[in-house]
Amino acid sequence: MSALGRFWRRARRSRSILYCGGMLTGLVVVALLGPVLSPHNYLQTDFDNILRAPSLVGGHVFGRDDLGRDLFVRSMLGIQVTMLVAIVASTVSLIIGVVYGAIAGLAGGRVDAVMMRFVDTLYALPFIFFVILLMVAFERNFILIFVAIGAVNWLDMARIVRGQTLSLREREFVQAAALGGVSFAGIILRHIAPNLIGVVTVYLTLTIPQAILVESFLSFLGLGIQEPQTSLGTLVDAGVNHMENAAWMLLIPAALLALILLCFNFLGDALRDVFDVRQAR
Amino acid sequence: MLRYALLRLLGAIPTLLLVIVLAFLMVHAAPGGPFDDERALPAEIEANIAAAYQLDQPLPQQFLRYISGLVRGDLGPSYRYRDLTVSDLIGGAFPLSLKLGAMAMLLATVIGVGAGTLAALRQNSLLDRALMAMAMTGISIPVFVIAPVLVLLLAVHLQWLPAGWSGTSAGGRFVLPVVSLALPQIAYIARLTRASMIDVLASDFIRTARAQGLGTFTIVRLHALKPAMLPVLSYMGPAIAAILTGSVVVEEIFGIPGLGQHFVRGALNRDYTLVLGIVVFYAALVILLNLVVDLLYGVIDPRIRQR
Amino acid sequence: MLNGMKYLRILLLLAVAIVASACTEPGNVGPQVSTLHRGLSSDPESIDPHKARSTQAAEVLRDIGEGLVGYSATGTLVGAAAESWTISDDGLTYTFRIRDNARWSNGDPVTADDFVFSLRRLVDPATAAFYGQAVAAIVNADTILRGEAAPSELGVTATDRNTLVITLQQPTPYMLSLLTHPSTFPVHAGSLAEHGNEFTRPENLLSNGAYKLAAWEPSSVLHLARNSQYWNNAETSIDAVSYHILTQEMTELNRFRAGEIDITSSIPPDSFAQVREQYAGQMHIAPYLGVYYYGYNLSKPPFAANASLRQALSMAIDRETLVEKVTGRGETPAYSWVPPGVDNYEPIRFSYAGLSQEERNAAARRLYREAGYSEQLPAEIELRYNTSDTQQRIALAVQAMWAEVLGVRTTLVNEEFQVLLANIREAEVTQVFRSSWIGDYNDAHTFLNIFEAGNPSNMTRFENAQFDKLMREAAAQVTPLNRRLYLEEAERVLLSEHPVIPLYFFVSKHLVSSRVQGWGDNVLDYHYSQHLSLATGQN
């Protein structure tokens, strides 16, 4: 049985993975179907009915916000956007990190030293500052948000991948392939990459919550997703202002956000057990 | 040793320069200028101001001018605060951000390690589950939700603590911001410590110590704590970065005039020099700190000195 | 391993030291002084009256400085540094008599020379003063600003220590109102010479107002202390004033509720109903000299040369609903450009101000069709506004109204404030944009002059020869009545062209703690701290 097969079997037996994986999938499904099935849409304002509490009568199950818009549909949209941002941003940092780390690990020697020194210096630089500058300079472009957040997280990934690649490089099958004349790129694709999946998956589930939090920070500062689009972070930020007179505006998006973050964190823990990944230096 | 330090410093210059160039370009790329306002300026006044701040010169020239000032230690005048220089502003804001961050770090480490150790010692008990549940909550709820809730509860309704920063100079005004900032880190560190401590407690030499009849507290203090702290130590770097990110939000919420708040306001107001100054200052600080830490390790551990 | 622990120990000791230093900060020590705590929505950009620009800076400057004239607690124009003045018959010469007992905070007398020096500095190009234009009416002011004449040629002279003479290029009836503006406040020449750019530091700054600057923590708080040398110090009740910089209205409200702020600069719209319930007696809403409007870019399609469309869109907006449901803070709907309450002026209104909304909607539809649009061929419009909850709510409401009444398809674009301003100035991409205009002084001129061709604040690029002619004629009039007639006619012309959609007139909204006495609502929203007092027995 291949390594992948083994991992899959162990994953299936873990309760955390089943529950959390199921929960997340369920949320995504509801988030996609909800707006389609609901009679309300996320844009429709109704100034006669602002800040109405949730009620089954009239079909506003999550209540209305300060412009009279249906909170259920907006929350679902928020989930969609939040998940999208998180996944795309993490994928960006994944790609950059893996490529960078793999090259550094494989090349070794001085190239590796220079590349990792670069990472070390960048490591503690105030990336949040650069992200803010990016958002200000290029005007909160929807695509830019993904790139900006992704760029914040690639360093961790690069370090991990480089460490793994270094150890993998010494293994026999890699050395055999190199001797056999397989190209640099070939080695990466066919031998290194599949063995990275474990580590990468775990870290992916950990960078996604980080990406979500950075996006909500940006929304709080007014630099994130712009109206009429919305994300869970934006909804929570708006809800904070109505904590006392319309608590559902805060509680519902905050609960959904917390749920998603919790699921990813638990998932990460469980996957770490499955792939047997230790705390890498 | 000295040669090593000098080499490192020299090696850091290209990185620093890269940072400055990037920041400079991004700040100037932002549409709108520092002196735009609804009340538009008459042409001659605009010309006067542009001349006074050298904004009418081509960009490369402005850049060179900035670098030459930098070398002399002059970070330039603030565009937004016409009476103050960037050095004035950073000099006032940095000690504050430092205090805030340091206290949050301290709180996070002490409580985090303590809670994690406790949870590990009572593994799978109710206490353990409760502590870990709280930790999970700490990670999952953003600070800009926790902080306003705390303010509303403790400052506005119960009036136990000051609601804002500027209202008093008493130490009590640090409590809410530091706690808000520390909360997510307490959670991370607690989880980290617990996992690591569980591993360590299961190892052979701990079993030996127990067989020797040492009490739990003694074992933890003398034998288990140090090795278990390794992951926490490696987390210090990311923790500091996380606290910096969080401080931007916390400073905004509580109105604390720290570096984070100055930066955000500066970026939104197009205060070019202030923004650049903060980026440069912070980058230089970090590079210097890294160097100092490495040198310290070299001093402490002779094995490293041979590099 | 061991080394790591040592390192950690060192770090720990350092951290403890920092904490200790924070906790041993001095609390409030010293004798109890009565302190007023006011909220300010943003930092002043400068404490130098010539380099300041914002209304927030003006608020602080009015406490630490004083011009020739000022306003009383009831809002009437009174002498400040000047005890009396005369105006020549042709309206071109103003002679001020400076008080004998007017003093700077170091005891130096305030003289006419101080004003000469300061007004020259205001128009000197080297100062790069934002409000240099404020005194454009003075002889030679504009040539000096352009750099074509020396500042010494400004039409102000000190005939003796206490007499200041100002000569104007044309009769400017609102000149006295202009002279209450902080940019005309004096600066101490000796202090400037001695300290250079550092003369604004709290330890150096000399003040001729009721208070002096004690400390300033940028982005946090400004502390003012009583100026015992002030000529009217005996009437100043409060010893110290702290201006807390609070940019978020919600945070400011929390501070007020916690008892840490006595006067707020605003009230958050989201909590308005709640505030009205809990703090009815302490809430102050009053008309304010400002108008909130949507402007058209008249230099580009679709609004260039399409008066029917402009008018249709203006008529289709239900302003009553807007101020009642959308903004809901007591604003008044605007059917004119110049706000009510302006001195010597009777606002003109749109011809359709008296109609019901249904009638307006019907007329709007007719105009819409005349403009060439219909259900099948709807107008596609872009509406720009700056990122903010209030602007967004209004934009959404207007979008809905235009869609419902006319079938217009509006795209909403929200931008950062600086970006919006830049776009408005360039007038390349804007179609309809959100903006507002606050009057600088209590006269219709400050509202109408921005529509003159060539005015840098002419954001709509409005150009109308008849309007310009009427404005010029008004400026040349000596009698207030004649001037008023010309200005009103000019507004009539302006309104009929519909270069803007005025939506509502601003109101000033403050929460004023019940321990504060002497608060007077006025249309300029000037509240000098020296006119206020705190209820006895409370600090």
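Each chain gets a letter, A, B and C, in the order it is written, and its residues are counted from 1.
The criterion applied here is as follows: contacts are C-beta pairs under 8 Å (C-beta built on N, C-alpha and C of every residue); 3 or more make two chains touch, one makes a residue touch a chain.
This is a predicted model, so every value here is computed, not measured.
By count of C-beta pairs in contact, B-C exceeds the other of the chain pairs B-C and A-B.
Of all chains, the one whose mean C-alpha position sits at the greatest distance from that of chain A is C.
Mean C-alpha position of chain A lies 45 Å from that of chain C. With each centre defined as the average position of its C-alpha atoms, the distance from chain B to chain C rounds to 37 Å.
If you average the Cα atoms of chain A and of chain B, the two centres end up 22 Å apart. Along chain A, residues 136, 139, 240, 244 each make contact with two or more other chains. Residue positions of chain C with contacts to 2 or more other chains are 416, 419. Among the residues of chain B, those touching two or more other chains are numbered 30-31, 152, 268.
Contacts from chain B toward chain C in the complex involve residues 30-33, 36-46, 48-49, 51-52, 80-84, 89, 92-93, 98-99, 102-103, 105-106, 109, 151-152, 155-156, 159, 162-171, 174, 226-227, 229-230, 233, 253, 255-257, 261-262, 265, 268-270, 293, 296-297, 300-301.
Across the interface of their complex, chain B is touched by residues 117-118, 120-130, 132-134, 136-139, 156, 209, 213-214, 216-217, 220-221, 233, 236-237, 240, 243-244, 250, 254, 257-259, 261-262, 265-266, 279, 281 of chain A. Residues 250, 268, 270-271, 273-274, 321, 325-326, 387, 389, 392-393, 396-397, 400, 412, 414-416, 419 of chain C touch chain A in their complex. Against chain A, in their complex, chain B makes its touches with residues 11-12, 15, 19, 22-23, 26-27, 29-31, 136-137, 139-142, 144-145, 148-149, 152, 195-196, 231, 234, 237-238, 240-241, 244-245, 248-249, 252, 263-264, 267-268, 275, 278-279, 282-283, 286-287, 289-290.
Only residues 45, 47-48, 50, 66-67, 136, 139-140, 222, 226-228, 238, 240-242, 244-245 of chain A touch chain C when the two sit together in their complex.
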